[in-house]
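Take a look at the structures listed below.
In what comes next, chain A is part of two complexes: it sits with chain B in the first one and with chain C in the second one.
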Partner chain A sequence: MALIAIIVLVVVLSKNVVYFRTVSEAVAERPSDGDRRIRLAGEVVPGSVTETRNGVRFDVTDGKKTVEVVHRGDPPNLFKAGAPVVCEGRWDRGARFDSDRILIKHGSEYEPPDVDSERASAGRVAA
Partner chain B sequence: MKASLGVLALALGTSATVLGVGTLALGLYRRDERLLRAGRRYVFLVLAAAVLAVGVMEWALLSHDFSIEYVAENNARATPLLFTITGLWAALEGSILLWGLILGGYLAVMAYKFRDRATDPLVAWATLTGLVVALFFFGLMLGPANPFKTLGTAPLDGRGPNPLLQNHPLMAFHPPMLYLGYVGFTVPFSFAIASLVTGRFGEGWLADTRRATLVAWGFLTTGIILGAWWSYEVLGWGGYWAWDPVENASLLPWLTATAFIHSVIVQERRGMLRVWNLSLVIATFCLTILGTFLTRSGVLNSVHSFTESTIGPVLLGFLGFVAAVGIGLIAWRGDRLRAPGRIDSPVSRESAFLANNLLFAGLAFVVLLGTVYPLLAEAIQGRELSVGEPYFDRMTTPIGIALLFLMAAAPALPWRATSGEVLRRRLLVPAWAGALAMLVAVALGARELAQVLTFGLAAFAVGGIVRQFWLGQRSLGLVRAVRGNPRLYGGLVVHVGVVLVALAIASSSVYTTRREVRLTRGQSAEVRGYEVTYLGSRTERGDQKTTVSARIRVERGGDDLGTYAPAISTFPGTPQGIGTPSVRTGLREDVYLTLISSPNRQGRVTIGVAVNPMILWLWVGGGVMAIGTLLALTPGSRRPRIARPAPAAVEEPVEPVGAPV
Partner chain C sequence: MRRSEPGPERPGAKCREREGMNRPELLSRRFAAMIGWLAFASLATLAILGLWVAPPDAVQGDAQRLMYVHVPAAWLAYLAFGVTALASALYLWPRTRSTVWDRVAGASAELGVVFTGLTLVLGSLWGRPVWGTWWEWEARLVSTAVLFFLYVGYLALRRIPGPARAKRCAIAALVAFVDVPIVHFSVEWWRTLHQEATVFNPDLDPEIHGTMAFTLFFGVFAFTLVYVYLLNRRYMLEAMDEGREERELEQAIAERTRAAELVDVAATAASPTVGAGARAREGDPGMRSAR
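Then we have the complex of A and B:
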């Protein structure tokens, strides 16, 4: 009984782990990641942002590799060219990244003023 | 000057705790009653010091004394009065100060309540334990988390509190409620440690701390629900719970404390589960410290480059110390902790409580694992990752449903053993109510198994509760029945609140409709029967913030439901735009509007429209739980029955004062 519970727990946990990858890491791990959800971290390439019917399309880069991201939904307020972003989603069949959630990395001048603000910034920026 | 006064108050508090601990320890060692009486008085000095320190900080905030770093960071000249006052708990150092004040308050109430038993070693050890905890927090404030640190040159104006924290008056209540809950568990924890040290692990310490535990639990419950409300009303992402580490940190001690509140009853009635209860209390206290560590040290959410605070390792060290002391004491006393009673039948009240406890402990483990797994993975494998919400949803739903079933069935089960006849008589009507509710839910279009079950079990539970109240009414009259056993009836009222919360969660997690619409002025869109029309927008420039709000008319079937104004505010000094949702609250469903992007060059806005069913009942349920807790706290006309199996086993022999430690 307890054993079954632990097995279920481990399986469900491992299925729902979302790895955090820089653009280069993500490109390198793409074959093994398949259609698993990951978080892709990089900088928005200036001049690459275009509006689509239901969201935005832009490139993110870490200086070494660049990936095209198609995001569903409006980007958060802080989203702009050059902004450090974390996109959550999965690879589509081509080499594009389908994102449905964008987190904006806070600048280093920002300190955690309180639990609740930390909670707020923990990923509610986009739905 | 204020800074020196503040540091002086903290130094006074620290010395008082040290002197108190020393006097009590010496008194216990020498069995000197005079010393024990003197030792407990230091508790009041600790409280006075905490009041003074908080007073100085509030004075500094109100007078905008920016020479103190904390004030400069969390206050500005233009900050409104309410948020100037709440600035005390707007950041780490101030929160610890508030923590110290609340701890001082609880310890003082404890010392006052047990003033006639000051020489009782159990009380003396409990006071000593509480003072050690206070010493830790005062030490923290004198060291790494000093709230009165000064700046070389005072800036002309401060930075002001984080914009998110000055957007809603709920901010004034939610953190203090949580802290009143967190800190309150220090009292049962202190008594648990005292009972282990003195070897009196009968039921005495439980009866002594029953009310303190309930008070803390009630505050924690209220704090969690207010947090969810704040998240819903202020953050504007449309939900109320996201399995965020900070939310989980408050839920974890709540889970173990809820388990404890239930298993205490088994120990009182049957003398069983002693080790378990002690472990739950110690675990609850450890989880409050762990929660503070997780949320305050910046170890989680590595996506955000928050500056790391130095108090992380200190808190972790304290956590390790508390856990080691707790586990060590239980191991040391293990042979003497064997309980006299045993479970006679698998279908009895005590086995239902046992199952309840296993489920709550399992739930706490699931949430704890999901919360700390990213930390472990990073420490062990060096990989950054996060655990997705589906893990939490999938794992907690079945446990939650099983708990709901127990909540419905257990109050009808008799102690020790039962017969099929009794069960039939007590559960038949509620069970029919549950079956009927499931049929109605399916007929109304519910298709998710978890949801249909929740509706059925909710009706089952309410049926059982109504039956209990009806029996009380028939035998004694309701008022006398409730006054005769406030804990039972208060508990049942809390259960009604839980049912409401469960219904709200089950409905809103499945039936929410969420859409983003782009509208130019005068244009409208339809979302699940509601027509939303963009009427225009307005920009307000204040010296504190610039707010863009969109006027949105909501109609349903031609009826005008009013005009709502979701907004985005930007604050000077922070690049973040803060959205303020506007919610039309309804008995059946909420229409939740957010301004996602302000008018662009073509005058077009993006509006988030969500229709969230039954959300109102989440807050109502929380209120009912608080009322139930208050009812359970009212003094009853009958003392709770305490197991007295055999005269010899009532209470272990009291060990002489100054037992080996």
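Then we have the complex of A and C:
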């Protein structure tokens, strides 16, 4: 009984629990979304980041589609070119995305900053 | 007053139960002390490994060091609730039914709640500098919060007395455990801000290497020792508590019996008719069982 309830719950939730949309999904669903508040996830395109008077402007891509994001406010500490980001906001009247909240969605890989420099420091400790 | 309900059991099972009732601790005193010191030394070593020996992460810097306590805390919550579920199943199975399992289930669930809370707090502290938020309404975070409140509810249920208290709690513990796999797989089933599992991912290919991986595994080891030590302590406390309750009940019955006798004597001295009435009160079932 409980198991069936759980399976139903998981199936239903799997369709509705969407924390973010990829850039291509967001672009495809744009006509139906209108000016609803959504979350857009992708990578910051290197070289596209420019500071504006009250925030930053950058391109975000999922490899298939790219969208220009205009963000109001300070970006988080780990924001940089190539960073995986989730931008919260609405579509502009044009093709731009107005964001007022950026979160960093980091991956599950962990590694030292630079393998070579770590070796170098390890060598120093040994010496 | 907590007592396991007497059920239709074979004499052997009854005997085991009595044995279990008197079992005041899970581990021998020497072994428990050894585990305690080992847990303490491991935690100290983990602090050194996590804060100084392990390198900072390439992307997250020093904030990533929170992983060495956040992940072991989460692991401990899974472990504790797993033990609660297992002990509850053993309690429900008539052949293994014993107060020992009921106590283990309660003690372990309490630790699980503490470490789920710790996981949430440490995760929040990690999320602020790295994600840029203390809390998000996404599947991993919400399912973990649900886990916390499910077992807080379970602990509340344990405090409600009744003839079938232990059985009721055992069933509740098994139902609540369903959320544990949901928490673990939430990052695979749904899109979340939280990253996927680093070690127990579907490919079982750890995405962490060298000193960082060693520190993480050492953290899991140290926290597990802490769990074993605390579980034994909490179990002892529970057994003592039950012993105290039983002694207090016996004392209360003895006092009441003595008071009734005094009244009886006084009444007989004053008037023989009232004395007869007091003697008739001995027909009271509670009174009779007390004598």
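In the analysis below, the second predicted complex is superposed on the first by the 89 of 127 C-alpha atoms of A that agree within 3 Å, B and C clash if a C-alpha of one lies under 4 Å from a C-alpha of the other, contacts with A are read in each partner's own complex, and residues count from 1 in each chain.
We adopt the following convention: contacts are C-beta pairs under 8 Å (C-beta built on N, C-alpha and C of every residue); 3 or more make two chains touch, one makes a residue touch a chain.
Treat the numbers as computed from the prediction; the structure is a model and nothing was measured.
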Inset, instruction - Mind working out whether A:73 is in touch with chain B, chain C, both or neither, as first, second, both or neither? - result: first
Inset, instruction - Name the contact category of A:12: first (chain B only), second (chain C only), both, or neither. - result: first
Legend entry - Partner chain(s) touched by A:102 [first = chain B, second = chain C, both, neither]: second
Legend entry - Larger contact residue set on chain A - chain B or chain C: B
Legend entry - Partner chain in contact with A:37 - chain B first, chain C second, else both or neither: first
Inset, instruction - May I ask you to decide whether A:86 touches chain B, chain C, both, or neither, giving the answer as first, second, both or neither? - result: both
Inset, instruction - Across the two complexes, find the residues of chain A that touch chain B and also touch chain C. - result: 13, 17-20, 77-78, 86, 103, 105-108, 110-114, 118
Inset, instruction - Going by the contact rule at the top, pick out the chain A residues touching chain C in the complex. - result: 2-3, 6, 10, 13-14, 17-20, 76-78, 86, 102-114, 118
Inset, instruction - Under the touch definition given earlier, write down the residues of chain A that touch chain B in their complex. - result: 5, 8-9, 12-13, 15-20, 37, 39, 41, 73-74, 77-78, 86, 103, 105-108, 110-124, 127
Inset, instruction - Spell out the residues on chain B that touch chain A in their complex, using ranges where they run on. - result: 73-74, 89-92, 95, 161-162, 164-165, 171, 174-175, 227, 230-231, 234-238, 242, 244-247, 249, 295-296, 298, 301-307, 309, 362, 366, 369-370, 373, 377, 383-391, 394-395, 514, 516, 568, 574-577, 579, 596-597, 606, 608
Inset, instruction - Would you pull the chain C residues touching chain A in the complex into a rising list? - result: 55-60, 64, 67, 129-133, 136, 138-139, 175, 178, 182, 189-193, 195-198, 201, 207-212
